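Presented sequentially are two complexes of chain A, the first with chain B as partner and the second with chain C.
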Partner chain A sequence: MKKAFGPLLVVVAVMFVVAPFLIANAPYESTMGLIQKIFYYHVPSWFAMYLAIAVCGAASAVYLFKGTPIADAYATAGAEVAVVFGLCGLVTGPLWGRVAWGVWWQWDVRLTTALLLELIFVAYLMVRRFGGPGAEKLAAATALFGTATAPFVYKSVDIWRTVHPQTTVIPTLKPSMGGPFAFSSLAFLLLSALLLTARVHLAKRQMMVDEMYLAYEDQS
Partner chain B sequence: MMRIPLLLAALVLQPPPGQSEFVPVNELPAADKLPAAPFLIAAYAFVWIAVMFYLWTIWRRLNKVEADIDALARKTPHR
Partner chain C sequence: MFFRTAWLVLRKDVAIEVKSLEVLTTTLFFAIACVLIFAFAFVKNGQAPEDAAAGILWIAIAFSGTLALGRTFERERYAETLRALLLAPAPRPALYVGKLLGMLALLASAEVLLVPLIAFLFQAALFSRPVLLVGILAGGTVGFSAVGTLFAAMLVRARSRDVLLPILLYPITIPVIIGGVRGTAALLASPVDEPSAIMWIGILAAFDVVFVTLSLWTFEPLMTE
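Moving on, here comes the complex of A and B:
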């Protein structure tokens, strides 16, 4: 992955330069017009968040049951990246809603559960930051709850009556809209993977510093 | 008897069902063009700024860690 990081970074950068042109050429949606184009960044942001949550959840489970330090590094990286993309989704959504619905926010099931999901992973990071010794295990358990919540957030629009568009809008997209959306989603997923890789690298170096400190203290 | 108007009002006040499909159009109504643009630009700009800021924080933390590693390596040269 270390060797692939540079070329992949270039590919993602190029994709993010190309994506706005594809989105600009995509047709306007019949009821929402121009503002619906936020969709091409808003939904991929959530996809990127779900990828990071999956990594965080899987790594947290491994860390909780096996205690592998590297799994903890992946879990931390996943939580941080999830919070970043969750924030993107939570900011772009109200910007879309202000024009499409006339309000910044609705306390409907999708918006509320999405906010709660973001707060669970913010809680994860706060537990790690301020939890003291043993906080890693507590944070890992929090991450499992967050990961279990994510599928409910995604399906909430289909289960409950809400003003938010349903998940069926994605499989029913016309090719002229589906193409730019798939391209944008791929760019966000690759970006999420890149950020995860960079953050895991940082965590590994931090672990190395801790080991060196311990060795230095043993010596002196 | 009093409940009927309340029930009717509750039915009328129900939110519309979530949109199940996006239908493309070729012509955008003129009234839609200007008000939406700043929101659209703000949304795209926010994503870019958030990702760049996060990348910068990783880079800054990595620099600090590398400096710590160098400092510790100097103190323990045999490692």
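Moving on, here comes the complex of A and C:
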């Protein structure tokens, strides 16, 4: 991954430059018009969040049962990236809702549970920051519970009748809309993966510096 | 061995509580204070809105539950008794189950007083379907206590546990609280919305299964230093 990081970063940058053109050329949705185009940004950011949550949950389980420090680094990175992309989703959603529903926010099952998921991972980061010694395990447990809630958030639109569009919309997209959508989803997933690796790399460096510092302390 | 350990932990907790009644009385008092504050917030012209009773009931349960969780484990911290329990050659998940049962008993006794009180104060027909009501109360309380017991036990060692318990507990248990509130509101609707109430009991049961399984699974590594 270390060697591929630079080239992949270029690829993602190019994808993010190309994506607006693809999105602009995609046909207008018949009822919603221009505002529907936020969908190419909104849905992929949630996909990116789910990817980060999956990484965070899996890494937390490994850390809890094996205690490997690197798994903890992956879990932190996952939670941070999840919060960032969740914020993207929570900002773009109301922009669309203002036009489509006439209000910024609806207390609908999907919106409420999505906000909840974001809150769980913000709580994760707060525990890590303010929990003191032993907070890593506490945070790992929080991440596991958050990960268990994620599929429920994703499926909530199909279980209840909500005002939020259903997940079944995506496979029925016309190729002229599905193409740009797949492209921007891929761009977002790749970006989230790159952010994750960069964050883990930083954590590794931090661990190295800590070790060197301790070694130096021992010598003097 | 498993059930015997759980039973012994439960019996120990009940014995301590029966002697002092500390947690039970403070929890009950706090719950009643909650009801009063929210009554002031919602009642207009002497009448509360229709669904308010359901919300107030669950807010009181969640808030006083957090208080009870904090107090119960604070007691274990004083003389490092939780460490002693963990040192005992007993299966760790059994300790968790014992603690969870103690918590459930405590919250159940709080609810025995709270539910009639709210029915009385808000003219809420909570007892029109007693079986469904018990189902919703049980489902919500088990989910809340399952997560609460796990996090409170973990937080015994943490520095700022008083702040961290609500921060962690509320986001994770909100689905359960929502289930409880909507289920109770379905019971209060006239005519009673039985299918919705049964659906919410199902959802609560699903969350209970997930939360209890996750807690049993993670209690052992979490409590190992």
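One rule holds in what follows: the second predicted complex is superposed on the first by the 220 of 220 C-alpha atoms of A that agree within 3 Å, B and C clash if a C-alpha of one lies under 4 Å from a C-alpha of the other, contacts with A are read in each partner's own complex, and residues count from 1 in each chain.
What we mean here is this: contacts are C-beta pairs under 8 Å (C-beta built on N, C-alpha and C of every residue); 3 or more make two chains touch, one makes a residue touch a chain.
Bear in mind the structure is a predicted one, so any value in this text is a computation, not a measurement.
*Asks:* For the overlay on chain A, clash or fit between chain B and chain C?
*Replies:* Aligned on chain A, chain B and chain C fit with no clash.
*Asks:* Is A:V91 touching the first partner chain B, the second partner chain C, both, or neither of them?
*Replies:* A:V91: touches chain B, not chain C.
*Asks:* When the two structures are overlaid on chain A, which partner does A:P20 contact: first (chain B), second (chain C), both, or neither?
*Replies:* first
*Asks:* When both complexes are superposed, which of chain B and chain C contacts more residues belonging to chain A?
*Replies:* So, of the two partners, B touches more residues of chain A.
*Asks:* Which partner does A:W104 contact after superposing on A: first (chain B), second (chain C), both, neither?
*Replies:* neither
*Asks:* Regarding the shared-chain residue A:T31, is it in contact with chain B (first), chain C (second), both, or neither?
*Replies:* first
*Asks:* Quick one: is A:L144 in contact with chain B, with chain C, with both, or with neither? Answer first, second, both or neither.
*Replies:* second
*Asks:* Quick check for you: in the superposed arrangement, does A:M208 touch first (chain B), second (chain C), both or neither?
*Replies:* A:M208: touches chain B, not chain C.
*Asks:* With both complexes overlaid on chain A, what's the closest CA-to-CA approach of chain B to chain C, in Å?
*Replies:* Value for chain B versus chain C, nearest C-alpha atoms: 8 Å.
*Asks:* Residue overlap on chain A between the chain B contact set and the chain C contact set?
*Replies:* In chain A, nothing is touched by chain B and also by chain C.
*Asks:* Note which residues of chain A are touching chain B in the complex, please.
*Replies:* 20, 26-31, 33-39, 41-42, 45, 80-81, 84, 87-88, 91-92, 95-96, 98-99, 108, 157, 161-166, 168-169, 172-174, 176-177, 191, 195, 198-199, 201-202, 205-206, 208-209, 212-213, 215-216, 219
*Asks:* Of all residues in chain C, which touch chain A in the complex?
*Replies:* Residue list for chain C touching chain A: 147, 150-151, 154-155, 157-160, 163-164, 167-168, 171-172, 174-175, 178, 210-211, 214, 218, 221-222, 225.
*Asks:* Note which residues of chain A are touching chain C in the complex, please.
*Replies:* Of all residues in chain A, those touching chain C are 64-65, 112-113, 116, 119-120, 123, 126-127, 130-135, 137-138, 141-142, 144-146, 148-149, 152.
*Asks:* Considering only the defined contacts, which chain B positions touch chain A in the complex?
*Replies:* 14-29, 32-33, 35-37, 39-40, 42-44, 46-47, 50-51, 54-55, 58, 61-62, 65-66, 68-69, 72-73, 75-76, 79
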